[in-house]
Structure formats: C-alpha cells, structure tokens
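Presented below are the structures under discussion, each in the form of structure tokens.
Two complexes are shown next, each including subunit A; its partner changes from subunit B in the first to subunit C in the second.
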Partner chain A sequence: MTGTGDGSRIRTGIQVLDERLKGGFPRPSTLLLFSDKPTEKRLFAENFAVQGAIAGEITLYVDFFRAPTLARAELSRFGKYPADRLIVVDAVSSQLMVESSEPYRIKDIDDLQEICDVIVQAIQEQKPSRIVIDSMEFLADHFPKDAVLDQWKRIIDEAAKVRSVTCFLFINWTYHERDLSAIRALSDFVVEFQSSMRGGILRNSMRISEMEEGGIRTNWIPYAFKDLVGVTVYFPRIMVTGPFNAGKSTVVRSLCEKSISIDRMGTTVAFDYGSVNITGIEAEIFGTPGQERFEFIFKIFAREVSGVLLVIDASRPEDFERARHMLELIGPRIPYVVLANKSDLPGALAPDTIVRKMDLPDGTPVVPTVATESKGVRDALAILAEMIIGVR
Partner chain B sequence: MGDPRFPTNYAILLAGPPGVGKFEYTVAQAREALRAGERVVFVTLDLHPNEIRARAKALHLDLEAYEGKSFAFVDCYSATASERPEPASGKKTFLVSSFSNLEGIGMAMSKAAQELGTPVRIYFYTISTLFLHNSTQAIAKFFQIVTSRAKMNMGFILYAVQEGVHETMTMNLLRSLVDGVVEMRFTDTMDREVRVHHMRGYQVDSSWHPFVQMPVLPGGAL
Partner chain C sequence: MTDDFHPRIIAVLQELRRIPDVIAVALARRDGLLIAHVLPKSMDPKRIAAMAAAIVGTSEMAASEMGFGAFFQSIVDSGQAKMLATGAGEEGILITMVRTDANMGLVLLSVGKAVQAITDLLEQAVTPPEAQA
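Right, the complex of A and B next:
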C-alpha cells in the first residue's frame, strides 16, 4: 500500500486529513469506523460517501436504518452530488413492508446470507471505489457472531477485488474484547470516534490509526459538521498569548475575517475573539491580555485550550522571561508555536537565537512573523494544527 | 416533600401494564417541569408527535407553547414511514431514522439536550418498543450508557416500560440500572394505583395510592 499515483488513493475531502494520509486512503483498504458509545461517526461516513460521488466516483451506501429516499435526502446535506454516482443498497423497505424499486434491495432482512449476497452482487456489478456499510452492529445484533464475522470477511474480499475503500460503521453493543481484536485485525485503518458532552456542549473528535506496524497514527482530532459544507476539522480554543505589546491582537485580527477586541487605549484588557477558516481547518481563536495584572483571566482561558500561539516581540529579548513564564502557566502537554513577531524591525533575533535565549526544547517551532502585514501568521497556525493532529 | 418533581441527576423507571396511565403520569411530570421553567425532551417511540401534542393538550399541557423554547421531541416514530416528515416551522424535532438505530437515538437525545440547554428532563416513551427491534444485550448496554449520560450531563431521565411483556430477568436488569422505580397497577375493581417503589437516597412511602385522573398528581407520592 505505497501507491501515490492518480487513482491509487481515495480522498476524504478533509484537507488536513488527506495531507496526513499522504493523499487519502490507499486502494484497496478497509476502514473500521468504531466507537463503544453513541457518537457521530455516521457524519464521517456520509461525508466520505458524498465526497466520492461529487468527485465522480461510484459510491455504494448500504443502509440498514433509512429507506433510500430518506438516506438520499440526508446525504444531500453534505453537498450536491450527481445522483447516478451514489448507489444505495436498500435494506429498509422490507423492514417497513413498503414497495421499493431500488435495483439492490434486500427482500428478507432475517436472512444474513441473502443480505450479504445482495451487497456482494452490488460490489461486483458496480465496482465502486467507495463502500459504506451502515452499519455492522445491525448485523452483529441480529445474527450469530461467527456467521457475521464470516460474511464480514467475504465483503472485505469482494471489495478488495474491485480495489474499493470500504468503511464499516460499528458500535459495539454485544461483542467481547477478543472479538473486537479479530475485527480490528481485519481492518487496515481503525477510525475511532468520541462524543462528549461537557457544560452542555457536544464535542466530537476522531483518531485514525493504521493497523500496519509503524503506520500512521493521529491524535484525537476535533471535527464539526455544517450543512452543505460537510465535515471539517475544528479546533476549539486556540489561545493567542504573549508578553505586553507583542502584537497579539494584531495576530488575531490578521487570522480572522471577523474579530472583536475588548480593549482600552489600545491595549487588550479582557480578550480578543475571532474564528478562522483556512485550508479545511476551522479554529476558534482567543487572544489574552499580556499584562501581568490580568493573569487571572489567562489562567481561566488556559484550562481547556487545544493549542497556543505564543507571540513575542523578536526585538525585545528582555520580555522573553515573561513569555517563558506564560508557557509554564499553560502546562507541559499543550502544543504551542512561537511567533517571533516584528521580525522586520532592526535588532530582531533569528529563530534559533530565540530558542536558545528562551531555553526552549530543540525543535520548538519558531516562526518569524510580521503581524501588521499578515506575514507568517497563517503558517504558524498551520504548524500548530499539524501538531495538534499529530502523526506518528 | 411538597415538590412533585423528581431530583436532578437521577433516573427513574416507570413500570405498569398497558393502559394503566403511564402516558398520563409522564405528561403530568413533563407539565410540572415545564411550568416550573425547566427544559424537557420527550423521546417518542410509540406515538406520533402530533398525537402526543393532542393527547397532552387534553391533559392540560399545551406543548406547542413550549416547543422551540424549552421543549423538543426526539422522534423515533415518524421515520418508520420512508418519507422524511417536514418539521413544522418553529418546532424543533430531532428525527431518528429507525428503532434499531440505537446509536442514533442516543445522539439525538444529546443533541436535543444541547440545543435546549442543560439541565434538561428527558422522558422516554417507551423503552419496551426497542425490544421488538434489538437484542436484549444491545438494549442493556444502550440503557446503561444513555442513563449514565443523561444523569451526568443532561439532568434527569424517566423511562416508561410495559409491565408483563418482558421477562423477569430483563425487568430486573432495567430496575437495577436506575435510581428509582415508580409502579402502576390495576386493582381488582379496575381502579388505577401508583406507588414509588424505591428511590435511591430518599425515604419514600411505598404504599399504593389511587391514580386519579389529571390534574391531581399521583397520591402526592413525592
């Protein structure tokens, strides 16, 4: 699975993910979209299917929960796609005892063999490049385990013959850990999903692990869904901080199309706030005041940040100690990028000098910026995004 | 206790045979919560939202006055028709595609709670319907996860369950996973009675009280 040429990889349509995956998932491959609690993993699968249809690829969607009309209506929320590119295997009309004119229709929902025969027939005839099985827990919950695992393997084999990337959705209600290991072993990638509700806000995140030894492995990536846009990677709470007068508010302004600042006589007293959307990354940006007397606000914001842009004035090494102190307040586990701002001023220090003077670990990213001209600021955010996503 | 509402961060199972008045009891609870300014999510598996609106109105609860503000439906019923029902304007309904889509039900409840704001009171009518479409094992895990999520992050949940259609083991399992059980029954003369069987952390009078038609609450049980 090392092909990189045209057609050997299947894009997710989520740019930062596709970059991490070196262009997408390889053909053929098997994805296990897994969670052990209710999550929004269907969003990822639906987005993946619709992205394929939009790109003109044949996409097969096997739906055990929604009649085809409903499935197509809900999939169109992810964007307009050519109708003939998306083929639905109808496993629901027979459950509802309604008529169906779908070419691929499961007549007896209590017959595992027939269910899988219809799926395999659709794979052989349509040769889809993407397949979504929504979802395997329907089968796991209705049929004996060994028979389900046999049919699972059969679908994987048939999909591999047409070089398809197959997504199996699976929430585990019934299987034991040992069976789960067997299912993971059948997969090339496991995409795990988490949804958590804290303070009344629902947060979704996912993590991709390639099962192969030394394969790709990401951190938990937060994501969000918007009608007609689909799934985007979303970073809540990126904190912009740094010593007094380093240019934090200017950084927030240059990143965000719209931002607000609560300031007094040109210096920020509460916080700056804005949101940014670049190259498939959406982020929520908070700027904190740099003055020490507002440290209590800083401590409140620092609690739940996903990453930090530390803005320093590259021409004022006397403030570096203060910047270092701020990093200590944030704690050791939060990824951060240092923005060496005002790098156009005479006497501005070079990144490696800053690393040495601030006594930062080797490899700490220091990006020279000129926030007033928007230079380097977006690069710094992109680097931070990569650090948050992480990759092995 | 003078307050007829149950505590928050709490889960209740309401058990009784079909026709004993579980729906009336549930609506009475929802009505008191809404009148007290609380938020309510009604998860329906057995009735169309329109039927619930009509029947609630007959029980002195005008749901439409609260919809979109402090009340929302999670509708697992309508999608059994293959067309997507168009939601009426101003009313926010969270649609679940199928009774067997347990994950979808769980997420729709979270989203409804998020949209309305927490804490929220969730009424689940009825858990019995799930047993027609899913394995007991799957429902047990769903029940456990949803109950703990509802208690921890959302506030309160009450499940109605049909007595006499599930095996004893299943009923005991459901009872063991909640904090309190309210039971309803018919007497020999076909009068209806209700009692609070137990409530974790509370001293309750577990004797039977007549279940009077609305608007009086069951025997002042709480």
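Right, the complex of A and C next:
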C-alpha cells in the first residue's frame, strides 16, 4: 500500500496539482522549495510529508527548528496520520540540551559531517519515499558554502538510491546568483513561493517549474491552508457574469452547496455569493447582476479576480455584444470560460458558432451548459481552474 | 513583516466588541473579502463581508450621485439590531452590530476610535506583491 498507483509517482495530495504533474512527482526526484523572503512554504512541505504518512509511505522529516514532539503535534494539523510512518530526525534536543529518545538524533549541531551522517543513516535504514529537509538555510547560515553544497549533493545521491522524493526548503539570504543556479541545477523541480499583503489580506502563491528542457511550468498558483484539511489551491474570486437572464444566479447555485442571492422580482440586484470545494480546489464565487443599471456593482467586486465564468443564453445571439462588454468591465488578461447556457433550448447555437459570432479568439473554451440541471457547469469550472493554474 | 498584523487587528475588534450592547464586529475589505472578525458562530463571516461591501459600495455611489460629499457609514436599522458599516481607510469596512436600544453616542464614539486604529494598521501592513511573471 504505497498509495501511488504504480509506485513511480508521489502524490502531493492536492488533486488538481497531481493531475497536472501526471500523477505526482516522479521517483526519485529533488524539489527545491525556494523563496527569497520568509513565506508559508513550510506549509507545502508539511502537507507533503503528512500526505505521505497518510498514504502509508515512510516519510522522513529533518527538522532543525522544532523538537520532535512539537513537530509531530504541528504536523497533525494537516490531518490524522499513522505515527510510525513519520520519522523525525531530531536536531533540536541537543541544541536545547534536553534528553531525547529519538532513534535519529544529531548530537553535535556544530558538526556538519555528523549532521549529514545522521540524515544519510536514516535514509539508508528507513528507505523513505519522501524526505523533507527543513531547512537548508539553517546549514547555509552555519557552515562554509562549499562544504554545505557537497553535503547537499551527498543527500541527493543517497535519496536517489532509495528512489525518494526529497524536498529541500531554502530561503536565500546568503548565496549569490551563481551559487543559486548551481543549486537549481541540482534540483529536478523548483517550487517558488511568494506571499503578499494587500488591504489587510495575506495571499500565498507558488509556482512549479521542472528544470528539464521543455518540462512542466505552472503559473503562480494561489493556495490556502485549513486545519485538518491541509493545503488547497484557492481562488479568492471567480466572477460569474453575463447578460440579463442568462442564468448566472442558477450557475452560482448549482456550483455551490450553500449560496446566497440578493435578488428582487427574479433579477439579481446586488450579487450572488457562494463557495465551492471540489477536487482540491477551493473557490469563492461572486455572481454579478446582468442589467446595465447595476454596473456599478462591478466596481466593488472586480478586484483580485482569479477567473471569469461568462454565462450567455446560447439561444439569444442578440445579447452577445453585451456579454463581450461585460467581460471588458472586469479587466484585461483574466482567464475566462464561456458557458453557453440553456443549450437544451431550440435555437441554441453550437460552441464554434458562438466563438465566431462573438468574435472571440480561436481556442476560447465554450462549454454548453444547462444550469437548471447542473449540466456542464462543473466542467466549465474545471477548465477555468486549469487555465488559471496553467501548464506549459 | 505581517506576523503581528492579524493579532493587532483582532485586538482592536475585541476592544470594540466589549462596549455594552455591541453584539459582533468584523473587518472586511472594500471588495467584499474578509480580513478579520469576532462574530458569533451562527453568522457566516464571509457572506457578511460580501454584503457589507455591497451595502457600502451602493451607499457610497448613492451619496456621490446625490452630491452629498464623502461617505462615512451606512446603518441598517432592523427589528432586533442595527448594523453599522463604516469606512476604515481606503481599503477597509468596519462592521459593527449593536442591539436596537444601544447607546448610540457611545457606540459611534468607539467605532470612530476603532476606525482610526484600523486605518493606521492597514496603512502599515502593505507588502508590495512581487512581479507576477
């Protein structure tokens, strides 16, 4: 029971990412979790470790900052995992000069050779499928560069022998660009992290790049953390818009388990709101009114938009002009999917006809939907999610 | 950088919450996303944030349409309670819920103080996003 299908891939547990990665990270491989400022990248590593333990894989966590008991307690925020699957290398109790009964314990924290010997011993004996080194900047700050790079390579080699996927956490504040490129070259994947705060709201995002020529590259993917759920891809705002009476509120309702609509006499006067949680994606859905007199509502909500679901009535080409205009109200360069709603009505146009009549760029996704029966709506969201995450 | 932002905001909200007859307090961004809240479990903070943004946005629009000058706050006056949605700096909306028979003089004074504190905190807590490639 490895939880990895044929065992050649390691799942991140974030479903939508695993799909992009064709089932996860290949075994063996080396991941560099990188940022140049403090960010929430440890969340990704901890989630990765716990997902492994939950799947029954042996996971090795090397922690230079927390005592094993604390590390285990904090890791349990990501979900309940079998304790014997997660092995912590204790690098802290000797720093605190307390007793430790951990099987892998670093006795002298000032001895780089000893530190790495313990890690390598743990790798050889336990043959983990996942390894997290938290973190390399601890070593980079304490020891000479060349020695650290040599040991870094040694850990990679040992991990490759047991076909492990190894995550190195690394914030750079000491090394120059040349050393950094050497470190990137040691890695198969670089996962970059950034955090920014605007108007009191903190946003975390990550970007995955495969180092190999022509490898996978994603856009910046926003993510969030929730207790006991772990890390999910998180879109803070998906806008549902389109002309009057196209079925926007029905789309929001059919996507979201719980939603609210501020409507009067059958038409939305303020907005619809709901949240969805499917296939490892969490999204907040905001529906706009369709009528022109409520256009000012756009100004309130059209900010930090991750993507747009443009709902049109496929049987009313006279409204297509208006639909295009609404797309422009939200702003340029935002991924969108057209929902050709009411596609069951007589006179509903086919997707390619809609692309032509609306004069949309070739390849614009148009999904036929029947929102009243929830048909096609989730597919449209999945396509939009793919566009936002982006893989090339 | 941003580590202590959230606890400090919560402290301001809690202080306002302690005023007699104040039932609940939350802080939303003007575009309807939630920043922080001290609301009872029975309320959905995200929805309240979105609604407050729509109320404030609409009210602000109405005030400017009628030539009333700068917008300060909207009050939703209902059977059992009032909701005050007060602009807090460029970005924030302070949402304060009070019982109908609350001493509004005291409430408005406390809301004003909280708005000032929040405005300062929000101004400090901006880290520019890095270039999105």
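Assume the second predicted complex is superposed on the first by the 385 of 392 C-alpha atoms of A that agree within 3 Å, B and C clash if a C-alpha of one lies under 4 Å from a C-alpha of the other, contacts with A are read in each partner's own complex, and residues count from 1 in each chain.
The working rule: a contact is a pair of C-beta atoms (placed from the backbone, for glycine too) under 8 Å apart; a residue touches a chain by one contact, two chains touch by 3 or more.
For clarity, every value in this text was computed on a predicted model and none was experimentally measured.
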Combined model on subunit A: subunit C and subunit B, fit or clash: clash
Partner chain in contact with A:142 - subunit B first, subunit C second, else both or neither: first
Partner chain(s) touched by A:40 [first = subunit B, second = subunit C, both, neither]: first
Touching partner for A:174 - first (subunit B), second (subunit C), both, neither: first
Which of subunit B and subunit C A:278 touches, first, second, both or neither: neither
Touched partner set for A:202, first subunit B, second subunit C, both or neither: both
Touching partner for A:66 - first (subunit B), second (subunit C), both, neither: first
Which superposed partner A:93 touches (first subunit B, second subunit C, both, neither): first
Which of subunit B and subunit C A:299 touches, first, second, both or neither: second
Part of subunit B, among the options 45-53, 135-143 or 153-161, whose backbone runs into subunit C after overlay: 153-161
Residues of subunit A contacting subunit B in one complex and subunit C in the other: 37-38, 195, 197-198, 200-202
Interface residues, subunit C side, partner subunit A - complex: 1-2, 5, 9, 27, 29-36, 46-47, 50-51, 53-54, 57-58, 61, 90-92, 121-122, 125-130, 132-133
Subunit A contact footprint on subunit B (complex, rising order): 79-84, 97-98, 100-107, 110-111, 113-114, 117-118, 134-135, 137-138, 141-142, 145-146, 149, 153-154
Complex contacts: residues of subunit A adjacent to subunit B: 35, 37-40, 42, 64-70, 73-74, 92-93, 95-96, 98, 135, 137-138, 141-142, 171, 173-174, 195, 197-198, 200-202
Subunit A - residues contacting subunit C, complex: 37-38, 194-203, 220, 236-237, 260, 262, 270-271, 273, 275, 284, 286, 296-297, 299-304
